[in-house]
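Look at the two complexes coming up: subunit A is in both, with subunit B in one and subunit C in the other.
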Partner chain A sequence: MSALIEIITSDYGIHLGILICIYLILAQSLNLTFGLGRLFNLAHIASCAIGAYATALLSTEFNYNFFICLLASMVISGIFAVALGVISLRLKTDYFAIGTLAFSSVVGAVLINWREVTRGVLGIPGIPRPEISGIDFYQNINFLGLSLVLMLLVQVFFYFIQKGRFGRSLRALAEYEEAAMSLGRNTARIRNISFFISSVAAGMAGSLLAYYLNYIDPSSFSLTEMVFVLTIVIVGRPGSFWGMFAATLFIILLPESLRFLDISSSYLGQARQFLNAGILFLVVYWKRNSLFPEQRQV
Partner chain B sequence: MLKVSDLEVSFDGNAVLNGLSLEIKEGETVGIIGPNGCGKTTFFNCVSGFVSAFAGKIVFKEKEIQTLSPSERANLGLGRVFQNFGIFREMSLLENLLLAIEGNRKGASKKELKEVANDYLKDIGLQSKINSKAGSLSGGQMRLLEIIRTLAFGAELFLLDEPTAGVSPKMKDDVAGIIKKLQQAGKTVLIIEHDINFIQKFCSRIIVFNEGVVVLDDTPEKVRNNQQLKEIYFGQSA
Partner chain C sequence: MFTLLPQLLINSLITGSIYALSAAGLALTFGVLRILNFAHGHIMMVGAYVYLFFLTRIESGLFLSALGSICFMSLLGVIFLKIFISPFSKSTLLPFVTTVALGAIIESIVSLIFGVNVQSFSSSYATESYEVAGIFITPIQILIIVSALILLFALGYVFHRTSLGLKIRAVAENASAAQALGISRRGIVTGAFIFSTVLAAYAGILVGYETNLQPTMGGAFSIKAFAAMVLGGLGNIWGTIAGAYILGLVENLSIGLDFWGYSLPSGYKDAFAFVIILIVLLLRPQGLFGSKGRAA
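Our next item is the complex of A and B:
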């Protein structure tokens, strides 16, 4: 027990705590579109990247403070989501997934090739941690506190969204769109709003990530990251609010256990990816009949 | 209440509705029958807005609606009950009803909404299952839930697509009972049904479709004894 407390309060434990907060924001927000709305949204990490780069550029080039950068990251991610939504939400299921995947690829290509702004593969270093009311967020324990507050705010927000009228409408259109329409639901608008909300939260997670790492580059927002967040949502049971908590803890902490095994550090990264892929495969296979139920049609 | 003129719909070049015209007056209960593939469900889909007509006019409550979206038509009072059960199986009965009632009771508390939902469920004898998943209901119960949900939403014209499909013979009486309640409430009801014995209990008119047009429009008795109906269904000649 004392060893566990020691790990939790260690620098390593605090680092994991911050990661859990950031991934919980990402997972819960993806859960809105993918879990409740059954939108195969593969642009979530691209929204996170937009948020992260917005914070990185605004804080390093223009010295804007934490609140402005955070807000700007959320707004810019939201604007991109609206633009993407107008085009891709006209597409259904598989085509929507392809559309969002294409968007992610475009964002990745822009981050690498627009060197004048993003510095390409070199990334943006020196992102300053915030300082609010004299609290030094370069101390990781303080940054964990900030992450916890933001994460909890996001969770409370998504709880009410999911359990309220909007969440119900989203679940209805996911199950039987025409029946939802026959109850007066503007399903295109509901989808657009869910995509917007989800992307705004992803932008927030990106901003937090940029502040935490002090450095970002395009490799932090690859398809592998998208699959990682998708794995959390699938393991947590798409649509389940509390499932995201359990799955985030499980998916982040389980591969960490590999650190305590006698594995060379050069193989550790690959071993984690294999483990995540294995978990994803097993859950998808086990839940193959209920994970992606067919949408009914007239 | 509903006037449809010269409606034409085709899929992949195959005409399904060939200039179909009909008129339904407010408070009427009208049955629609016809052989498979004659365009009955396509007609409902077209009126509901799920299928676009390339020609013709649909007027509902004195308003042309063919350019409106399905949700806009629903909000005008057009209620649709689907052949393959339009309930949300993954949701509870309460949630199914909340989807119908919360839009027109803005400002009502959760408790008040639940009470309204409970009252509707009482009407169909399912109040004890208010928190059960709708997918756990029998076919007949699902149909009752869908019809009462459409009533709770505030529909004025009900398009019932084979309401007895997937319903046990015992539950058919319950479905007939709720259709009678709609009539008593002054609602206009259009029913697609294969079972002429079922619809003649409450229909003042029966319209017969064949090859995308109306071929008969008369009282149930006259339609039943019409030679043309036998020819359509059985290919018999007089």
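Our next item is the complex of A and C:
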């Protein structure tokens, strides 16, 4: 027991704690569109990237403070979500997936090639940690506190969204769109709003990630990362609120056990990718009859 | 502005041929299975690495290596189909998720075996370029253009002039009606998938000769094949092939031509496929050539 406490309070434990907070925000927000709304949203990581780069640029180039950067990240991600929503939300399942995948790829290509602003593959270093009313968040333990507070706020927000009228409408239209329409729900608007909310939260997670790592580059927002978040949501059972907590803990902590195995560090990345994709496949295989049933038809 | 045009057109033809070889298989799979195979680009990548393995580790000659790769890839195709696609074919969404997982699995295994570094097939005889009327072209590029034309014409012949093609089209049109008439859907699907796997592997090998290989290249090729397919209309095989050549043309012209003294950095070349997808989905979701294709 004391050994466990030692691990949790160690630098390594705090690092994992911060990652868990950030990914919990990402997973819970993806759960709204992908889990409840059954929209196969592959642009989630792009929203996160937009938030992260907004924070990185505003804090290094313009020295804006934490709250302005965080807010700006969320707003900018939201604006992009509205634009993408106009294009893609008219599309059905697989077309929607292709559209959002294309959007993610456009964002990735711009981050790599717009060197004057994003510094390309070199990434943006030297993002300063925030300092709020005398508390210095350079110390990881303080940053963990900040991440925990934001994470809990987001979770409470999503809890009420999911359990409230809006969440029920979203669930209903995913299951049986015509029925939801016949009960007077504006399904297009509900979908757009869910996509917007989910992207705003992803922008927030991106901002936190940029502050925590002090450095971001395009590879942090690749398709591999998207698969990682997707795996969390699918393992946690799409649409389940509490499932995301268990799945985030499991998916983040499990690959860490690879560190204690005798694997060369140069293979660690590939081993983690293999493990994640393997888990994703196995869970989908196991749950293939209940996961994402087709919409009921009139 | 136009002095480079002939060279750019030839380059477009080369790029387009590679995209067409890869996208034709994807469209065929979509036709008979109604699924999006996101691992298609990764299968291309594996094909090239398998060939590299035969060529450099086993050191069998060109011909035997090619034969070995075809056999191995056919086997791999059957395994991928039976494990990652067939159990989920009732749903439209799940095969997409499982092939995304398959792509990530393939990528990690290939990087574990061959390393993440860029590799290529060293071949002096294939990269020495000829000059014809101011246009530079290498033997391997001639091979790419000619073999793509031959293979695509052969595909067209089988598809429209033989009874096998009729069966494939019947399964694509209405699988249960085709089965009621005694056509083995499973056989057609397996055959089509193996064919698309081998075709993708061939395209991957050509990419290895023409540029180079990297385990992470799969995703980009998948998305480009998707772009060609969205452009031509999902499941429309001729539209998809035309889409592939259009994509090659757009990519090469966009970075090659300078517009009023300004030309795009070559890094943006890859982004055009993605922008095309978004524009087509916005304006014409059924694809350029699809009138009877599925509405989005």
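Methods note: the second predicted complex is superposed on the first by the 298 of 298 C-alpha atoms of A that agree within 3 Å, B and C clash if a C-alpha of one lies under 4 Å from a C-alpha of the other, contacts with A are read in each partner's own complex, and residues count from 1 in each chain.
Convention: a residue touches a chain if its C-beta (ideal position, glycine included) is under 8 Å from a C-beta of that chain, and two chains touch if they have at least 3 such contacts.
Treat the numbers as computed from the prediction; the structure is a model and nothing was measured.
With the C-alpha superposition on subunit A as described, subunit C and subunit B fit side by side in the combined arrangement. Set against each other, subunit B and subunit C touch different numbers of residues in subunit A, with C touching more.
On the chain A superposition, the C-alpha centres give an angle at subunit A of 80° between subunit B and subunit C, rounded to a multiple of 10.
When the two structures are aligned on the shared chain, A:103 is found in touch with subunit C, with no touch to subunit B.
In the overlay built on the shared chain, the residue A:187 is in contact with subunit B alone; subunit C does not reach it. With both structures placed on the common chain, the touch criterion links A:168 to subunit B but leaves subunit C unconnected.
Look at A:276: by the touch rule set out above, it reaches subunit C but stays clear of subunit B. Once chain A of one complex is fitted onto chain A of the other, the partner contacts of A:288 are limited to subunit C, with no touch recorded for subunit B. Once chain A of one complex is fitted onto chain A of the other, the partner contacts of A:131 are absent, as it touches neither subunit B nor subunit C.
Of the two partner chains, subunit B is the only one that A:179 touches; subunit C does not reach it.
Smallest inter-chain Cα distance, subunit B versus subunit C, after superposition on the shared chain: 9 Å. Comparing the two interfaces of subunit A, the one with subunit B and the one with subunit C have no residue in common.
Those residues of subunit B lying in contact with subunit A across their complex are 41, 45, 48-50, 69-71, 74-75, 79-80, 82, 84, 86-91, 95, 98-100, 102-103, 149-150, 153.
By the touch criterion given at the top, residues 38, 40, 87-88, 90-95, 97-99, 101-103, 105-106, 109-110, 112-113, 120, 223-224, 227, 230, 234, 267, 270-271, 273-274, 276-278, 280-281, 284-285, 288, 291-294 of subunit A touch subunit C in their complex.
In the complex of the two chains, the subunit A residues touching subunit B come out as 165, 168-169, 171-172, 175-176, 178-187, 296, 298.
Residues 36, 84, 87-88, 91-94, 96-98, 100-105, 107-109, 111-112, 116, 219-220, 223, 226-227, 230, 234, 265, 267-268, 270-271, 273-275, 277-278, 281-282, 285, 296 of subunit C are the ones touching subunit A in the complex.
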